[in-house]
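Common to both upcoming complexes is chain A, partnered first by chain B, then by chain C.
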Partner chain A sequence: MQIKPILAAMRRHKAGTILIGFQIALTLAIVCNALFIIHGRMARVSRPSGVNETNLFVISNVWAGNLSDHETAVQIQADLDALLQLGSVEDATALNSFPLHGSGWDNIIRMKPDQIHMTTDSSIYLSDDHTLNTLGVKLIAGRNFTANEVQALSIQTMASWPVIIVSKDLATLLFPKGDALGKQIYATNNNTPSTIIGISDTLQSHMMDSDDNAFAYNAVLVPMREVGSGYIHYLIRARPGQLAAAMREAPKALIAQNRMRIFYANDGEVTFAKVRAKAYERDYGMAVLLVIVSAVLLAITAAGIVGLTSFWVGQRRRQIGVRRALGATQGDILSYFMTENLLIAVGGIVVGTLLAIGINLWMVTHYGVAYLSGSYLLVAAIALLLLGQGAVFAPALRASRVSPIEATRTA
Partner chain B sequence: MLKMTHLSKVYRTEVVETYALRDFNIDVKEGEFVAVTGPSGSGKTTFLTIAGLLETFTGGTYHLDNLDVSNLDDNARSKIRNEKIGFIFQAFNLIPDLNVFDNVEVPLRYRGMKAPERKERIMGALERVGLASRAKHYPAELSGGQQQRVAIARALAGSPRLLLADEPTGNLDTQMARGVMELLEEIHRDGATIVMVTHDPELAARAQRNVHIIDGQVVDLAEDPRFHTAYAAAAGQVRG
Partner chain C sequence: MFAYYLQLGLRSLKRNPVLTALMVMAIAFGVAASMITWSVFRVVSGNPIPWKSSQLYNVQVDDRGPQYDDPPNEPPEALNYTDAVALMQAHKAPHQTLLYDIGPSVLPQNPNDLPITAYGYATSADFFTMFDVPFQYGSPWTNADDDAHASVAVISNELNKRLFGGANSVGRDVTLAMHTYRIVGVTNHWDPKPRYYDAYDGMEFYPDPPQVFIVFNRAIDLRVGMTGRNNCGGPPMHFSSDEEWLHRECAWIPFWAALPTQADAQQYKTFLVAYAAEQQRAGRFHWAPNVRLRNVTEWMAYKKVVPSESRISLFVSIGFFIICLVNTIGLLLAKFMRRSSEIGVRRALGATRREVYAQFLMEAAAVGLAGGVLGLLLTVAGMQGVGLLFEPDVARLAHIDVSLLVTTLVVAVLTTVVAAFYPTWRAAQVQPAWQLKSN
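Here is the complex of A and B:
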């Protein structure tokens, strides 16, 4: 091919060549890191909560009156009874927090009372005997709580928790041999042990920031009514096809029980689908932003290639005519400009790959992101090669149509 | 070698038809050195562009090296330009981004010639025009006369059957022009067929044969009164 003379000519047009090459390099570096981040965010978004999210909704309730702990416990039980009376409701539970909620209570988990460093950290879900069924989480070993085991106590009292259910991830983490059932762990700060009576299927932590760390699927279910904090979340499972009806009827039923309550302003009554959307809105936002930035960058690079090649074609019309007069076919001229772009793109891609790795290493050091996989570099490199060839095609085709008679025109 | 019969070239717009060449007949034999002369706008350059297959024609026939080139497609025309024709332009038309060696190499690359043969031919052609030592120079580093010699080397390197020269000394001063002309004569003596378009009667006089074009047609110089007037004036200038 005619690579040598193209390289020779490019040396005489250093500024434009370097500018486009650098633009390709920068685009590659940014786009493949952006792709990597987008993929990471999407992977995070698609992680399971463990909850059967269809037909499930949440009413977040704040007590308005000055209820005592005992009165609160009685009211919660009355509320749950009223909800279960509704024909559209299959089951209901009262919780301090739930997966994807973001805020809640987590505690350190220890294996021995005198242990100084924690073994791990876990979400503490203050729950009841209806929780697993309402959330649609299977019990994979042991037994569920009984109604009698559910205590109505304020968390401030730091009561002991004789029985607990743990998520399977936590059970495996604490007891890798798979013999967690019946074992004791320390989940409270008051050095009283809790016996694991059941192991649930996958159940996500409430902590959104912990999605990427070892605590993401650590959950401890404690049979306890949260009565001291002034609020409670009712999670309600509607019968199939009756979600809308249940969401209409449930708040009315609660108000009928006791008017002295407030539902959260924006998310007082929401489907679990909305809970999920809200939990990941920042991830979606980031992904969309990065997609837009990448698209704009690619468009600018393509426009730069079209612009510069068009300029070069205009500048070299006579030269193209001379080449045609000396025997170049239209295909030779087309391939000249396509090859020229290919060489610039390959140069840009080599520099861009190094730059991308550099940016990634910097982010690994400063922001703890993972190492960039080679496949992103490969995808971005191929995308930029195709983009370059696509962008250069129209001006190159125009160049190939320059008549050989241009050679005879006087300058 | 080059034979045009009843050839015409018409430029059409919506309102007018302009005949650049009309019933044009010429026959250049192998090994001839023909000068094509004529006033500005007579059709000299149109003749040359058609002869060089840079442009198509409207009617008549054109045989180049015994091949009817009337209805060839673009690729076939490119191939003939590359293999059979050497061009020498008034404005030299070297590619400014390429050095002398690479400039001479251009048509050889389009022919798909292997590197060792290309190199041999390039150096041979450059030696012939006396510029072998300037192979690594860029056109901008050469004088006009040297640039035209490079262009001649480029035309010769492919061993064409026909050399077409369009005012080859038009952009050169007298001394450089003389050098280029002597080179063309030397090439002709070695057996090349040369067709040179010029409006310079002195240059034309050094060719073997002159063909005069007026209003897009070849005219018989001996009989055309327009030529006698023009020739007398030009000859007067030359003597003065």
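Here is the complex of A and C:
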């Protein structure tokens, strides 16, 4: 196959060539940045929370009456006892926040009392002796809290707490040698230390902002009851197969305990599956939008190639006829158009790659996204090459079937 | 003549239905994607109070020292109680207000009903004038009520409907967090988006309007619970009660000043620096004054109120639209050049270049119009699916209105006509003699 005549012919229809090349370039630039964003979002969505999410649900509760801190603590204990009485409930715990919740309490973690800059940041889960079991998170070292250790705390009051359980990732971050158990850290804003009495398996933080990715698996469990004016979240594990029953019975049991309470969003109870869906809806939405846009984009680019190539074939019927009459085989004609498209596509891909890198660099400086890896460029480039060849095939085949007799006809 | 050209255009479009369908669909998809993302973007990036966004300023004072600033050199985004109250009492701006988020329980009129939560603000009288809150019944409370720590409340018309069936409830009592307040005013529906005045608490796109407003001083007396953001990111501090917390350097009170002119703003900034310097002299601050005054637009930009998803999807859609247009240029070129001989005949029979332009641009406009109409349908259909793509809180703000529909059509037609300039120019360049000869 000779390239020279193809290049010569392209010079005769510069505009069409440039348009197709430009379209391929733009498509490549957008599709590979879209792939990159989609992949990033899906990686976020598939992160584990550490929680055993099946059969788990949440009731978010705020107090309507003016209970004192002590009365609130007593009421929470009574609520939990009532929930555990239900045949459909396996275990229950009261928390100020939980993984995937988005809002909650995070605090800087320091190793020394006089340290100014933080070592890291972590979720503070105000929890109790039932928390790990209810969430289905294993304790991998040390011991759990005892019921006696659980105290009451209003969220503005930064009391100190002598004992804490930390997540595996936080333990490793703070004590890379693996000797976290029994060590002291500073997890409050006052200068009293807390002793690590236990290490839990993976447990995600409540923070969902992408800025917080560095702290995503930092969690400190503190044996405290949130008795302030904010929400308290009852996390309830239903017995297998009894989720619906437990979700029906639990709010009634709580109302029977004390009706001066308000459940979040009227319905009160929400499955953990819904919590997960809500936590990642932005990421899902972005991914879905970009998948749709990329798919339609590729389709339109393919259609554009079909359209313009068909036009060229129609325009050159006589020349094709002449070539055929002079001895070119059908294969020659076919490969002529395929090669022509290949050349245009390669040009478009080169320009598109530069454009894609440019867009990515711009996003890096403006939105702090990561640098585009070469694999996305490669995947998108191959996809567009194949797309171009696939799109050009039908018109090229039609061209190859032009009969030599066309040479004798006037246009 | 236009009608004739339009007719010619339509006839020509019918001649290659596949090519035409391709162009129309490309434009429709491109314009619909752009319009759907634009409809979301325009609400999230809109100016919520355009008539005075340059006169309302968020106030920041560094109360924790440069080593704790995050981001570096930036004061905390809200004030602590001590500074907020001091700035209120200084009264150096014509109007100023402070606020914090509350979510008190509301006891229903019928004791058999369960209590509900009403979200809103503990604030001061100037809040209503500064942010132009419209009233259905009654009026805001007065500065005297602020000073008297009065038990008065303003409720939204939504809460008024729920509690009093929409009747004029001014003068009646409402029980919030187990304390009684006298209602002095009922607002009309008021919910500027983004909720700039409370961006500190991340309430920019909170779905429901604020339901209840009470006097800040009274709320503090009664310790009405704060449901917003509290940031005690400064030096280590000890406190074991809410009372102690109140007087610590924790950021939780957004503070706003109304400063009608640039000169006022300059003057206020000088006052803030002087205030911080005084705190430094008094030994409370151990660092040079570091204060900020940001007006609504600057504050929203600083708080990055527009979600990055919304921006990225708008960029992607516009890129998508540009590709669709490039595609259309190519297809129009193919279509027009195929008719070179027809153009040659027309030119030979006396048609001027100008007439060729008119004819082909009309044809392109017809394509654009068809693409616009289809794009309109796709936009309307797509808006139903916006909830899948964006957070519901943001998605529900996006809506179809006349301006969006008109924009869709105008954008489709205009861009197609612009895209057709090059193919049309090529068509007008056709040499009649050459075309006739080759036949």
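The working rule: the second predicted complex is superposed on the first by the 404 of 411 C-alpha atoms of A that agree within 3 Å, B and C clash if a C-alpha of one lies under 4 Å from a C-alpha of the other, contacts with A are read in each partner's own complex, and residues count from 1 in each chain.
Rule of thumb we're sticking to: a residue touches a chain if its C-beta (ideal position, glycine included) is under 8 Å from a C-beta of that chain, and two chains touch if they have at least 3 such contacts.
Note that this is a predicted model, so its numbers are computed, not measured.
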With the two complexes superposed on chain A, say which partner A:Arg323 touches: chain B (first), chain C (second), both, or neither. first
Which superposed partner A:Met260 touches (first chain B, second chain C, both, neither): second
Just chain B (first), just chain C (second), both, or neither: which does A:Ala407 touch? first
Give one of first, second, both or neither to describe whether A:Ala9 is in contact with chain B, with chain C, with both, or with none. first
In the overlaid three-chain picture, which partner chain does A:Tyr371 touch, first (chain B) or second (chain C), both, or neither? neither
Taking the superposition as given, does A:Leu297 touch the first partner, chain B, the second, chain C, both, or neither? second
Contact breadth on chain A, by residue count: chain C or chain B: C
Could you give the residue numbers on chain A that contact chain B in one complex and chain C in the other? 410-411
Partner chain C, residues of chain A touching it in the complex: 15-16, 19-20, 22-23, 26-27, 29-30, 34, 37, 62-66, 108, 113, 116-117, 154-159, 186, 189-191, 228-230, 255, 259-262, 281-282, 284-286, 288-290, 293, 296-297, 300-301, 303-304, 307-308, 310-311, 314-315, 363, 367, 410-411
Contact set on chain A toward chain B in their complex: 2, 4-5, 8-9, 12-13, 318-319, 322-332, 403-405, 407-408, 410-411
Listed in rising order, the residues of chain C that touch chain A in the complex are 19, 22, 25-26, 29, 33, 37, 67-68, 103, 105, 107, 114-117, 177-178, 224-227, 230, 232-242, 244-245, 250, 307-309, 311-313, 316-317, 319-320, 322-324, 326-327, 329-331, 333-335, 337-338, 341, 388-392, 422, 426, 438-439
Of all residues in chain B, which touch chain A in the complex? 45, 48-49, 52-55, 74-75, 78-79, 81-83, 87, 89-91, 93, 95-99, 102, 105-107, 109-111, 154, 166
